[in-house]
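Both of the next two complexes hold subunit A, though its partner changes from subunit B to subunit C.
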Partner chain A sequence: MAKNLINNPKRAACLICETPNPPDAVLCTECSAPMALVYEARAQEHEPQMVSILGDSNVGKTVYLGFLLDMLSQRANDFEAVPRGAYSVDLQQTVVSHMAYRMFPPKTPMELDEWKWTYYQVCKRGGGAKWIDLLMPDMAGEAIAAEVASPSTFRIIQNLLHKSSGLLLLVDAALAANGSSQPDFFALKMMSYIDTLFVCKRGAKIGMPIAVVLTKADYCPECFDDPARFAEANLNRLWNLCETRFSRVGFFAASVVGSLAYATAGGDDVVTPVPLHTALRGVLEPFEWLVDQV
Partner chain B sequence: MPMNLFTRKKEASGSSPAVMKKRPFVPAERPKLSNDPLVRAMQARRFGAILKGRAKWVDHPDFKKTYDAAQDLLDAYFAMTPEGYVSIVMSIFDEPGAPERDVETEPFLLARYAVTNADYQYFVDDDGYDNLELWPEDIWPHLIDFKDITEEPGPRLWEKGRHHRDLADHPVVGVCYYEAAAYAKWAGYRLPTEAEWQMAATWRIRSSAHVNRRYPWGDALDSKFCNIWAAGLGGAMPVNACPGGAAPNGVLQLIGNTWEWTDSDFEAVDRDGRPVMGDTLLKVIRGGAFDTYFPWQAVSNFRSGMGAVARRHNVGFRCAIDIPES
Partner chain C sequence: MVGGSSVNAKDDAVATLSFDQAIFTSIRSPMGEGYRIVAASKGVTPDEKREIVQCAPSHGSLSSTLNEATGMACFTLNGGRQCVFLSRTAGIEHTARGGFRVFTHVCLFDPPVFRRLSCDLFAIEDALRECFDDQQMKKPPMCLEQGRIALNETRAERGAAPSDRDLGHAARILAAVLAERRLLVVGARCARDVLSAVVGALPAYTRRRWSLSYGLKYSPGRRFDLMFTEATNIEQTRILRDHDVTAINWSDQPLQVDSPYEDWVSFVERGWKTGRTASASQICAGLTETCDPVVLACLARLSEDLEHVAEADRSLLREIERRHAGESVSIELHQRMLADLRKATERRRWQIDVEEQADAEAEEDAILGLA
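Our next item is the complex of A and B:
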């Protein structure tokens, strides 16, 4: 199946939706995934494993993924990572260049052809190091929300999840700690959507590894002390569903911004958040766990 | 040991990162302190308090001897920073043409090391959190929040009012600006202003050479001289580590390891001139920390702000004192 997908020179099938595309297509005509992914996979002679990063709008998916890739490419924690294709570097470059100048990167647009895709070969050195091909797209939070609310609105998300070897579900810990139920409800919907997507026998749990990453955890330091305990206390609906329906869930805390301020003028309706400095904490750990799992 | 340039590890040999590794908590033993308040002040390294409290202790039989010893130890623990002038960038974007504020600084003494857990333990053991004289009145209602993880008064990451035994020589972290200022006041010191801090790091003394160092040790980054993310340690080091990164007067770790509270309010504007503010009052922190990702955010003139009541795992402080009258 995989060989057929990537090795047919006349009908390059999209890696995500498997739609046949003309050989000169740049983006898949059906789901707008870059066809460069197929050509790269063809060069590697196998399909890459996919990891999906999910979460509500503004939870920090783009920033998290950008820094994760940047850390990996700087060989953090014995990891080695090689981008397969220049397009894979775009996301991390955008994130790093904005954050370095104390700005958040622009929001990921809803339009599929605007999403940034990353294809990396990752390896953890030592102990029989093995390279894994990882495909991690940066999806728009609004698109994820729309798909969860009305399945098949964004079919590409459904296809991606079906093909994913593991998931990173990002949840806004700062909002949850402030008493908002929004992060809990969104995560609950997301997990419920995944639950229905991977239909299991009655009583059987879904075995796909899912790392629940509590983002913006610098706002609630207790989150770092014990992420699972924090989730049980502040995201109880999500916690219960995970316990009942999923067998491999890990809880992690992460933060990227060391200190947050706001630029605003008197009477000005526009308030611009300003990341005063960048201090990464807990970014790599969920990924490390996920790679061990997959 | 030379740093491996090609692999970033969580921990390098010879260091003991405080944060990365979860270690079982072993409380530090309670130091044996004298009942004599003057001797106790010496034991707690409150040299500033002794020198300033001359009138209080002048009748003590050992006052002269203790006073002289305190003066000698102040010289050992603090370093002279000469008069100078600094240009503080007032925009969050440090680019040509960004507004700057020029400040002239007087000579002062700056602690060679950040305040350690062991130092701070004396303050906690001396009921510093209950001594209202050390705290601004408007902060009194917040004192109940300044607890460790077992709800005892103390830095956020301590347990039962005690620091971890293995971290005695690490910088105390998990303290807010007010705790840092209260400690400094108790010990007879003060926090440096950001201009003083920048002067100590840039070493911009009044001379025709117009020196303005990017780092206390010079102008080039060297990850052996400071503990930032690029050094790959993942946690704070003892306050006397990285001796190569000392400023010309011997002050260590101005760059990296932990951010340092200063006594200045954070004021800045963005590119459009709009003021940049926090949810709460922001105080200036300087120097970067072990987790500072961008090296240019850990240079002598980089300034960041932090909520005055935030108790972060990567923010500590060092003390300053005006040059005592001879």
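Our next item is the complex of A and C:
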């Protein structure tokens, strides 16, 4: 049905929620997804594959996605990536330029129209190169948390997950290594939400590929040695659910910041982290694994 | 006294009304971090929480970038309760990536309570603005009881007027709102005062149905009917068009809109110009049921005639009586105002009789004295 609506010049159906919109609409009137995605998909004459990036607030989704796209567009590891539309470059530009000024990029607002969407054509050069159209939105962690806590709060997230070919679930490894149960509980809730969303028979496992990315791994370098073992030890609830209900889960460690300083103004109790330099590690691997899987 | 609710307002002067409440802000707690409902009284249902989260302002949602920025919104939840957001900045957000932290006090009013408050969110705002002090906003309470609101003096008795330079825009906004046009007003000089005046001149029935906000940035997720914001960009202007929202720029000419409520708008505008805002405000507070433009025009004429009666001579009294003689009455307030008018004209006639008699006696005395 979506394909027909994509090719219908009179009413453009939203790629995410399939609501028909006026032909020149900027955002979907129902879910606020940018209609530029539809126009782009129409030009490509097929629907793109969607990869959703999930994670708690402040886990590093924006920074991870920004650097991932930047690496892809710089042809890292024989990848080639072409942004479809200037709006797709906004996110990586925001991230890279902020980090160059030793600042973390601003938080992603909860308002749907403020989310940055990226539409890239990606392929890995070499024998039998196949181009994949990838659509990756940078969602607000608070919105994801609200949707998980109370499904249908942000229906766009539900629709996105339904249409996703693969997921990147970001978990704060530094917090987990520090003994906090919060990352484990959030990831457990997230996976449980996905489990409920893709109902399948008892005993059967969900086949959607999910890359669990342990972010801020520079705080716990042992994470890089064996991410799966780290997850089993420090994110045991998540590990157990993955083992029981999901057939294709990969664990990866990633870090972006090389060294971090903390700044505070006199009389101010707010401590601002200052990324002194970037040292990308393990950013591309989860994506590469995911592309192989979808 | 014109409207019935002003009488009620006096009766309720010391009454307190209870309401459910919640706090939506960003704090780090054992249950997570980022913007969410951090505390709520027991009466707030999961469905209501969902609706609140969908449109509550998070970081960067207040249209002013100043440290002391405030915002407000009022809309009806699907369950029928009235939801009021009172937002303000409360220091820097703990991640230091989200600018000023937005603290929103969410108040939920049952329809009867909201009606008793004359559906007037500015009166509610006045009463509740200081509910949380700086310390509580810094460290919000983890659990909340029901809130209580005490209105010592309702705004229905005073009304509000925009400044002279904002009159034109305010009147056209009122006309557009009455004609059910959705508006985004950009760059109003004194947004709160203008909105307060417009709300004061809207029948309580309309206030109850209409959603509105000021001090919040426009977002399609907050689909309010009347929004006041400080700035907008080209893309938002296109989004507004898609959502059938008319944008009004304060630096442009006032919006030209055909409205069947022109008589009422002119009456309100005259009140704003002369500073006599109480009449319209009192009528509006009493209009809790739907009424058409003809009825509103009748009420406006009645209100003005009631004011003229005190100074009227016999011919003007006859003219006023003739004007309202065959009026069909459909709402209680109209009936009450007609009764007030009858009493006032009788009283004035008696006053004229007394004055004329006194004049005649004085004249007689003068003639006798001369003789």
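We take it that the second predicted complex is superposed on the first by the 292 of 294 C-alpha atoms of A that agree within 3 Å, B and C clash if a C-alpha of one lies under 4 Å from a C-alpha of the other, contacts with A are read in each partner's own complex, and residues count from 1 in each chain.
By our rule, a contact is a pair of C-beta atoms (placed from the backbone, for glycine too) under 8 Å apart; a residue touches a chain by one contact, two chains touch by 3 or more.
Note that the structure is predicted; figures quoted are calculated from it, not measured.
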Fit or clash for subunit B plus subunit C once both are placed on subunit A?
-> fit
Which partner does A:272 contact after superposing on A: first (subunit B), second (subunit C), both, neither?
-> both
Of the partners subunit B and subunit C, which touch A:294 in the superposed model: first, second, both, neither?
-> neither
Based on the superposed arrangement, let me know which partner A:281 touches: subunit B (first), subunit C (second), both, or neither?
-> first
Considering only the touch criterion stated at the top, classify A:74 as touching first (subunit B), second (subunit C), both, or neither.
-> first
Answer with first, second, both or neither: which of subunit B and subunit C does A:102 touch in the superposed model?
-> first
Expressed to the nearest 10°, the angle that the Cα centres of subunit B and subunit C make at the Cα centre of subunit A is 120
Nearest-approach distance, in Å, of subunit C Cα atoms to those of subunit B in the combined model | 14
Considering each complex separately, which residues of subunit A are in contact with subunit B in the first and with subunit C in the second?
-> 268, 272
Within their complex, subunit C touches subunit A through residues 26, 30, 32-36, 46, 49-50, 53-54, 58-61, 91-99, 217, 219-222, 235, 238-239, 242-243
Touching subunit C in the complex, subunit A uses residues 21-22, 25-27, 29, 32, 56-58, 104-107, 109-114, 140-142, 145-146, 149-150, 152-154, 182, 186, 268, 270-273
What residues on subunit B touch subunit A, complex-wise?
-> 6-10, 92-93, 149, 156, 229, 232, 266, 269-270, 272, 274-279, 282, 285, 288-289, 291-294, 296-297, 302, 304-307, 310-314
Subunit A residues touching subunit B - in the complex, by the definition given at the top | 67, 74-78, 99-102, 125, 218, 221, 224-225, 258-265, 268, 272, 274, 276-281
